[in-house]
Amino acid sequence: MNADLGLAAQLAANGLIAGSLYALLGVSWGLIFATTKIFHFAHALTLAVATYGAVLVVERAGLGLPLGFVAAAVVGCLFGLAIEVGVYRPLRRVNATQLNVFLASLGFLIAGESVLLILFGPEARALPGFAVEGIAVGPVAFTTIEALWIGASWALVLALMAWLRFTRWGRAIRAVASNPDLAQCVGVDRARVFVLVFAVGSTLAGIGGALIALRDTASPFMGVQPVLAAFIAVFLGGIGSIPGAIAGGLVLGLAENMGGLFLPGHWQGVIAFVVLFVVLVVRPSGLFGAR
Amino acid sequence: MTRFLAAISLVVVLAFLVVVPSGQAPAAGGTLKVGMILAMTGPGAFYGQVMSRGAGLAVEQINKAGGVDGWKLELLVEDHKSGDADAAVTGGRKLLDVDKVPVILTSYSAPTLAIQPLAVEKKILLLNGGGVGSALVGKPALYNTRMLSSQTAPFIVQWAVQKMNAKRIATLFWNDAAGQGVNAAVKATCARLGCQVVAEEPHDIGAKTYSAQLARIKARRPDVLALGNFGDDVGYAVNQARALGITGPIVGIEWTPNAQKIGGDAMQGYTIAVDRFDPAGGDQNTKRFVEGYQARHGGVPEFYAANYYEHVQHVLRPLIQRIVKRGGTPTEPGALLAEMQAALKEGVAFESVYGGNMQLHADGTVSKPMGVYIVKGTELSLVGRIVGGKIEG
Amino acid sequence: MEFWVHVLNFILLLSILGVSLNLLLGYAGLVSMAHGAFFGVGAYAAAIVSRDLGVPFPLTLVVAVAVTTAVAAAVTLPALRVYGEYLILLTLAFQMVIYGLMLSWTDLTAGRTGIAGIARPAVLGTPMTTPTQFLPLIAVLTAVAFAVAWRIGESPFGRVLKALRDDERATLAIGKSVLRYKVAVFAISGAFAGVAGGLFAHYQAFINPFSFTLDRSIFLVALVVLGGTANLLGTFVGAVLFVGLPEMLRFIQMRQDVVDAVRNVIFGGLLVLFMRFRPEGLVPEHSRLGRRRRPAPPPPDVSGAVVIARTARGDGATALVAQGLAKHFGGIRAAEDLSLTLPRGQVTALVGPNGAGKTTVFNLLTGFLPAETGTVTLEGRDVTRLAPWRAVRAGLARSFQDVRLFERMTVLDNVLVAIPDQPGERLGPLFFAPGRVARAERDNRERSLRYLAFVGLAQRASDVAGALSFGEQKLVALARLLATEADVLLLDEPASGVDPQWVARILGLIRQCAEAGRTVCLVEHNLEAVLAVADHAYFMEAGRIIAEGPPERLMADARLAEIYFGKGRR
């Protein structure tokens, strides 16, 4: 019994760790999706490219980890902007359907991952420079990296929420997300808001990628799994709701890990998509969305 | 529109015309083509590179010495994208149909199983030096020169029980034939030696996160954690097990320099039982291989390179010699495969770069010198030899 | 040549999958990111019944088809309620769940190791092992798949699918059960994937989850889109180009890993460029390649007016009565205690200021919105709770303010698709009574041309609807509405947003419909139009009817004018 409680506590901690990162990624993708309605699969590429930026700065240039994170943020931001301006904007000009925009996003991801592969090779690259230590709290053990995951994710998510609520541009984004036509009427420049959400969302994705690489190393195809988790977080929480995406990320992380109470650990990946499938079927507006 | 399509069809037809004839080069007399289907791309690309280098070195050495009784060798490498059966079969078809190879060297369990029916169909010899799944046993035309995980795993349990006093063992293994083979062997050996398997946790190949599995394992309080995984995954698993507060000994059946790098300090004390290739030890054969490899590619060869070097240098070469000696043609369909079967029936032992000979068996398995090793610093050090099914510490 | 035969077999197998996906994506506009999984379900079904139950070859294929069809239909049930990005995500989730099961449910699937030694089929006592021996079987089944898909795609059934793709609400509004078509097309698509999967399992004699990944699903979507949606030849061209051509790269002396990566860069790049510059794909839908050449429609020798006569379902003086309808959105009252009567053969108008709830009334009458209280009686029959498409079949049809034509279909097809009870809309007659289907199609085609002649657009019959001017589109919408053979027509702003000369023409047509015995109710902002065409009018404000009477009288009322135009105006 004691062992089971210990297991539950450890799994809950694992869930919280993974969930915090999912919340960050969910928010970064959900912000873009809610505002632009683009199913931005290439977010996975932004994440990978930004992470390689961090790896290059830390490993090749030897500039230290904090600068690595700055590099991830900057590279992520610029790369996201480049996709918006170079891929999506021309598509909007020719009135591409939502499906076609999605396919272009996919194509860009496929091509981009392979370019990374050609440039950096297939092998996993570490993001060094962080002193990893184990932390034990009662029956629960985790590492300093995972503590950083939780701390950094929540700091960024809360900062974003405050920015959306209290600044002029933040309010403009929320206006476009909730009613684009009305926002246009009251003089919000849609194109600039789009650029803004791509900048902000991609920055967060870049930092998220560097956080992942800290524990799990970087590789050209590293972005897809985390971004799939972000999709799930957003749709679990309900589209358009930042708190929803955060809650969705936490629910996803906990569900994946707490599933370990009943199922062997390798079912983790299946659990996530079963949860998504059930939610989409039973409650398409999301767990926390308005009906 | 029509013109557009016509242009495209023209391009396709021209491309076929250009490409197809080039594939139908006549089989030059005196050249024997050796096919390889390896992980040249995807997450296992490292292995593919190392394996093709090993085989390539042997071909170079043989050709430089004038070939095998006048037969020059030529290496042709196809890609199975780290386990994609479709790609393996298509690559196999190309080797068999276009290049007419009499032998294919493969890696990984799934691609090997996927092309085995082709080998039977065309009566060609299939040599595997990478895949370790127990499903590879007893398949016609297929011979494994790497000991399967189910052959090595019993000894690590024996070691854990005898030297580490293990009563409760947990397993963490690849969710495929190789990993499941380890798990099954651990359970069977435990039942024999009187220890208990308290947790069995499969994981996906190439997983980066083991938190759920390790949490479940930790809750069962094992004395020893036995790993049934391979490649980089060993490093990740050991590292995370330590971070999660699993303090008991960790044992396994594979260690690679790359996994050592990933696992870092956590690898200290990790113990394995393997048919280990030791570049610094061995005999004259080992020396010729290691020195040749260092001269050609720089750096010390991995055992993956060694196994495929052996395929060419110590399996194919003697087989070709036997065929030539009895007046046959080694490129003839079925010749190499038949010669292998005949050689095994006679009980012929093949030389090895592992030190001494290796014994291939009719069911497609192999016996090589084995030992128990422990990680000290960043290197393996020998702590026990396995002779005749017993560990000599 | 065995290698090239093998490549050809692969091209054929993937083109069966492509056809399967094209029916969904190209014809019905439904995205599936799960076709790799459907393919896998078919392959595993065949392999498992062959391995565990010793089921022999042709039967395994039947099992594969049955299982995949059932699975695909089951996925549809939730998919019916979700659209667009939800469908992308739902099918993606399904793909990942199935892939996860293949990997993790090792007792059944043997996990990543895969199922080896799947029995090779024997035909007439000869076992099939080599690619050349397999080719006839694969080729025949591919041909059958293309023929069946072509028959479905180019039939009245396929026409409804295209309508569904272009506008789901409008498809409901012409009386087609969207649900039935969605389940049917998913099931058919699943059956095709099952054929491909079962064949693949026996051909390869080995399967593992690697062949059924998300990557394969993405590849299939790309293949269909690049080849050309809603054109089967395009799918075949796509399979040749994207499966066959890359095999030639094997003969280029270059590092394999680089070749593979470069291929992906080209493939991904093509996808981006096509979406920007040629979204219709290599072989576009209306390309004459790959489909029957349609002769230009002969000018109808009969006046169109003949076809608009009502179909005499009831004979009372009133066609439709609504009583006490109410609807709220949150706290906002959209309709309350709404009662109205539509006298047969007359034109009734609903007028009122913006936001008065006029369109809501149409939605409540036709079932697009469920009413909270109240009843709608059509020809003495209670139709309050009927689904929109059933209301149309009962004789009550509506048009839309924003027209909602099926933009990628031809003008003729826009009208033709609305004709009720076409035998070719059912799969049974489509395949087993082709003569009846062909005769009905000929008659319906002629009938549709007459509807078009009535609105004066017969000469535009073979143009794509999206290319028409707004005024012409409104006329086509009217023809489409008439083709539903509904007696009661609800017209939402039939004359707004078009030039004055078009207004007169449209109003004239509406009068003709009424004179032919059809009952018309219209919402219109253009008061002059209302005066010109309506016999009777209801005045609405804030969800209620506050006045009714002859249009001239209502417009003379100063109080109503004030509500309509606001204080201090006029």
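Labels A, B and C are assigned to the chains in the order they are written; within every chain, residues are numbered from 1.
In the analysis below, contacts are C-beta pairs under 8 Å (C-beta built on N, C-alpha and C of every residue); 3 or more make two chains touch, one makes a residue touch a chain.
Keep in mind that this is a model prediction, so the values were computed, not measured.
Student: So, comparing each chain's Cα centre against the centre of all protein Cα atoms, which one is closest?
Tutor: A
Student: Any chance you could check whether A-C or A-B wins on number of contacting C-beta pairs?
Tutor: More contacting C-beta pairs are found at A-C.
Student: CA centre of chain B versus CA centre of chain C: separation in Å?
Tutor: Once rounded, the distance between the two centres reads 52 Å.
Student: Round to the nearest whole Å and give the separation of the Cα centres of chain A and chain B.
Tutor: So the centre of chain A lies 38 Å away from the centre of chain B.
Student: For chain B, give me the residues that contact two or more of the other chains.
Tutor: Those would be 41, 45, 175, 202, 204.
Student: List, in ascending order, every residue of chain A touching at least 2 other chains.
Tutor: In chain A, residues 122, 266, 269 touch at least two other chains, as defined above.
Student: By the touch rule stated above, which residues of chain C touch at least two different other chains?
Tutor: Residues 103-104, 257, 260-261 of chain C touch two or more partner chains.
Student: In their shared complex, at which residues does chain C touch chain B?
Tutor: 1-4, 6-7, 10, 103-104, 106, 110-114, 116-117, 120, 129-131, 204-208, 210-211, 237, 240-241, 244-245, 247-248, 250-251, 255-257, 260-261, 282-284, 287, 289
Student: Name, in rising order, each residue of chain A that touches chain C in their complex.
Tutor: The contact residues of chain A facing chain C are 33, 37, 39, 87, 90-91, 94, 96-104, 106-115, 117-118, 122, 228, 231-232, 235, 266-267, 269-270, 272-274, 276-277, 280-281, 284.
Student: What residues on chain C touch chain A, complex-wise?
Tutor: Residue list for chain C touching chain A: 31, 77-78, 81-82, 84-86, 88-90, 92-94, 96-97, 100-101, 103-104, 218, 221-222, 225, 257-258, 260-262, 264-272, 275-276, 279.
Student: Which chain A residues qualify as touching chain B in the complex?
Tutor: Result: residues 3-4, 6-7, 10-11, 14, 17-18, 121-124, 126, 132, 134, 136, 141-143, 215-217, 219, 256-257, 259-260, 264-266, 268-269 of chain A touch chain B.
Student: Touching residues of chain B toward chain C in the complex: what are they?
Tutor: These residues of chain B touch chain C: 1-2, 4-5, 8, 12, 15-16, 19-20, 22-23, 40-41, 45, 77-79, 81, 83-86, 89-91, 93-94, 96-98, 109-110, 113-114, 116-117, 121, 133, 135, 174-177, 180, 202, 204-205.
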